[in-house]
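My questions will all concern the structure given below.
As written, the chain order gives the labels A, B and C, with residue 1 at the start of each chain.
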Amino acid sequence: MSEVGLKIYTLCKKIFPINRSITGDGVRETLNILKKEIPSLLIHEVRTGTKCFDWNIPQEWNIDDGYILNPSGNKIVNFRENNLHVMGYSIPVDQNIKLSDLNKHLYSIPEMPDAIPYVTSYYKENWGFCITHNQRKKLVDGIYRVKINSQLTDGKLTYAELLIPGETNQEVFLSTYICHPSMGNNETSGPALVTFLAKYLINLKNRRYSYRIIFVPETIGSILYLSKNFESMKNNIIAGFNVTCVGDNNDYSFLPSRSGNSLSDKVAKHVLKHATDSYSLYSFLERGSDERQYCSPLVDLPIASIMRTKYGEYDEYHTSLDDLNFISEEGLNGAYQVYIKALDAIENNNVYIANNKCEPQLGKRGLYPNTSLKTTKDIVRNMMNILAFCDGRTDLISIAEIINVPIWDLYEIISSLMDNDIVSIHNT
Amino acid sequence: MSEVGLKIYTLCKKIFPINRSITGDGVRETLNILKKEIPSLLIHEVRTGTKCFDWNIPQEWNIDDGYILNPSGNKIVNFRENNLHVMGYSIPVDQNIKLSDLNKHLYSIPEMPDAIPYVTSYYKENWGFCITHNQRKKLVDGIYRVKINSQLTDGKLTYAELLIPGETNQEVFLSTYICHPSMGNNETSGPALVTFLAKYLINLKNRRYSYRIIFVPETIGSILYLSKNFESMKNNIIAGFNVTCVGDNNDYSFLPSRSGNSLSDKVAKHVLKHATDSYSLYSFLERGSDERQYCSPLVDLPIASIMRTKYGEYDEYHTSLDDLNFISEEGLNGAYQVYIKALDAIENNNVYIANNKCEPQLGKRGLYPNTSLKTTKDIVRNMMNILAFCDGRTDLISIAEIINVPIWDLYEIISSLMDNDIVSIHNT
Amino acid sequence: MSEVGLKIYTLCKKIFPINRSITGDGVRETLNILKKEIPSLLIHEVRTGTKCFDWNIPQEWNIDDGYILNPSGNKIVNFRENNLHVMGYSIPVDQNIKLSDLNKHLYSIPEMPDAIPYVTSYYKENWGFCITHNQRKKLVDGIYRVKINSQLTDGKLTYAELLIPGETNQEVFLSTYICHPSMGNNETSGPALVTFLAKYLINLKNRRYSYRIIFVPETIGSILYLSKNFESMKNNIIAGFNVTCVGDNNDYSFLPSRSGNSLSDKVAKHVLKHATDSYSLYSFLERGSDERQYCSPLVDLPIASIMRTKYGEYDEYHTSLDDLNFISEEGLNGAYQVYIKALDAIENNNVYIANNKCEPQLGKRGLYPNTSLKTTKDIVRNMMNILAFCDGRTDLISIAEIINVPIWDLYEIISSLMDNDIVSIHNT
């Protein structure tokens, strides 16, 4: 089990150093690494200026170098050491500057003096450096030299999608983002875990549903993707998740969809109840990632989010302390198993109908176990209780909720009832 | 703010001394005073004997004088000193009577020895005097003289209505009563406060709804009014309140409509939750005023009641102790502000729909405040949360409930979203 | 009142000694005794092998004798002393056997050393003896002689039904079972109590509903009955109960129908709330008697179960200790009264509609009591509250729930409202 955790963690390590933003070569490099894992991944590019709903694709941002020389000429801040040091989307700069003026372009966190904060300015031209507060406190008066070798040019926004066909056109949707530089939980855990969910789904036999999986820059990427695919998404998506912050080893979190009662919500809460010790249930009002777009009122897709610690709810969030030590094999493996259980639950969520009125005679079919161990008694009890709700209306996840048993304990029983001609699938 | 409280209190003082009953000159005199405040008030009269549903308009009652002379010939009870002394609808009487016989016609309250009780006998011929229990205990044996100079004649029942037109025929309804003699909370506070609500509504610009406001004697008056106006009321009224006991300065009370989930209920509970420290939530089973008629099963209008202390729930109720000291400027002003908030909430309770899929780009419209004060953050958060429910189905009061913010904090935000073409009104 | 308890208990005593099983002469003998109480009872027989849904009627089982002789030749276990001693549906046996082999055919309960357990093997050929554990511990090595003089032959399954016609074809259904040998609560209490409910219903004047009452062997009997009568049952049954375990004097229990919100559920919970001090509310998942068939998904009838202590929830269950001492006149009488209240509630559960808009004038009809005792005030309050929900939609049991008054306190009030032309029946 933990083997997959190690593999996901290894992929996190591989993409961690890359300087990603909402556009640029870092995104391309990241997606190319993921494509090695999933060869069927399709990488798309969309031109700067392309309109998507109320938005336009911004200019492409690339950066080669960025540093500050102190009055003594020593390089005290260096983008090549940590790509958080340069504010995202900083315009090029190359000038001498007094400390008092430099200070207007410096970002640090007094309460976390060892952390480099993560700051961006996508839609307002600006430049800046992010440093630890300890370093900032040591800065002396004098003339500093600041250099940012970046380019903001008409270019492209890059994203990737993967369509895994199933028996029906109905889709389960997974979305994750690839726009943050070197941070572990938010964000390497998301794309790395989704990569391994994709591998699982590709290998799944007799897939009932099709799967639509995307790796996009947050906000602008999901808006762009919706603007290009809204009709088919609205027609086909029956459930889905925005996957982020799935790498730390703390308690789980759940952020519901707008309605709070979609299949995604129902399945996620069922899985979290039965597969974890406890989890934090957030309100949709506390949303903050791409469900903001997927659940916007005219879009209104059934997208929820299962996380380990939710973005914004841990001190290391959006700082250099959200690094490869903050995430772990165990954390990633746990989240992976929970997502697999949720995806399996959706795949197996059929409606069943009894083939006969009244209870079937289990004895003549050998379905009453001869031993009377506790576990076999539980199986018979669960079998009879499942049967009581094979009424052609109640889906399996609802039955699992009614009888308060994990849905994965029902798969074998249902299979046996099907094999013995006691129930039939009755999806509508 | 408290200025309006003083004005309402002054009107209470003006109508307090008048001897009102369900018919008679006291009602006329009261309505004429109110008509000076609201010249567009229409005063109607309906003949004795007129059938209204299961009822008939009773005879008109007027009274000039009433007193008791004790065996020494001293006037010990005098209607002209306090009009509660004569039981409402007392028939004329002029006779000498032994104390033991007189006692059958005397009403007092042993538990409240200083209070004159308020007693009526509308539909059964009788006469009586109401006195304090302390006075009663001092009565000595002997022959008393009782004199009531009243007239019960075929006449008219008097009531008033005010129709304030709005952009639509849909109506908000306010009802209050004018049938109790000199008592402060029940009843001068009701008609006085409604008079000032009427002034507010008349001055309201671009009224969306029409307003139907009536001043009627309790029970027979609301039954009569319904019998004459039922069809248009049933077709048009979307919300409304029976206004009574709005003058004391104690906690608020709420009596729901029959269904408990009408717009009136929703708005009233929202306003009381956010605008008061606490309030008593009664059951519809504890109703006792004209909502008995408005919410009767074949009428079933969405009428609820916001009060300060509910009728029957304060010791002074229906006694001479419910006087001008029991009510106050502050009490009246508080109830007025709550009713204004409720009426405003109904006026502003539109359904909105987003103009674009996905979130709008607030930045390019300057809707992201540059300062990051707590209040501006709250505004942005509220703005995004409002937007999330501008789905063409959810009305503003429901949005306010979902995001748990007073609806009056949303008016400016919605206005800004409208001005920026982000949302549109989408009422059905 | 307790007179009927004594009569039911007397009937329990009469049928207690008979050796019943799912088929055989014990069933016939029991039903003939019940037919003496209810001459209109129809007794039916169905041949071995008859198919009913997934099942077939088994062979008929009869037994004349059964005993064990110990190595000294003494009769130590004797069917004629207690018919629980022979396992139900034991095949004939007549052989000498070593203790070690005999032990494989002996059933006892170590935790209840004085109890003879009740064991059956209907659908798997076997033989066995049931003894107390104290007796078992004393058995010495040696050769025993076992003799069971039983017959398993193609024969018939016997059951009885009673159809009591009412004004409408809509039916209330009562089911109980007659397949357990000498035990008191489970089962003599069930058929004995239902016999007296049948007498009550036969004598009921102006029955609104028809009543279908059956006495069947558990499981196979209800399946058989459903297989023969499903269409009319599905069309006509509006409520019903499976009556079992109604003889002990402990707290009441309620097992809901599959939906949990049928008329049966609503009425039963209302009656138990108002007529008992407390009761145990079980989940449908804890079902275990013929509601398993009546509430199976393609049958789905509104059948619930009101019990004293539920089967399986008392130590004496399915042992010789569930005897005539475990049940009592008081226990049976209590359950009888509760069932009568439930049946009356169903009979009286009309929908009413007010004849006039607004409240009626009670005074002119003399419906306002002249005395003002607490009870008369309660009657007026209840009358006005009932009236408030005579809206042509709300049935009487719902009104009773809304105003939180036992439905039986409303019958007289409704009757008075009908007599005074204030309300009319408005069933749909």
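Operating definition for what follows: a contact is a pair of C-beta atoms (placed from the backbone, for glycine too) under 8 Å apart; a residue touches a chain by one contact, two chains touch by 3 or more.
In this text, all values refer to a predicted model and were calculated from it rather than measured experimentally.
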Same-residue or different-residue interface between subunit B and subunit C, half as cut-off: different
By how many degrees does subunit A turn when fitted onto subunit B using C-alpha atoms, rounded in steps of 5? 120
Whole-angstrom distance, CA centroid of subunit B to CA centroid of subunit C, is 56
Multi-chain touching residues of subunit A, meaning two or more other chains, are none
List the residues on subunit A that touch subunit C in their complex, please. 353-354, 356-361, 363-364, 384-385, 387-392, 402-403
Residues on subunit B engaged by subunit C in the complex (per definition of touch): 53-55, 123-124, 219, 222-223, 226-227, 230, 258, 284-285, 287, 292-293, 295-300
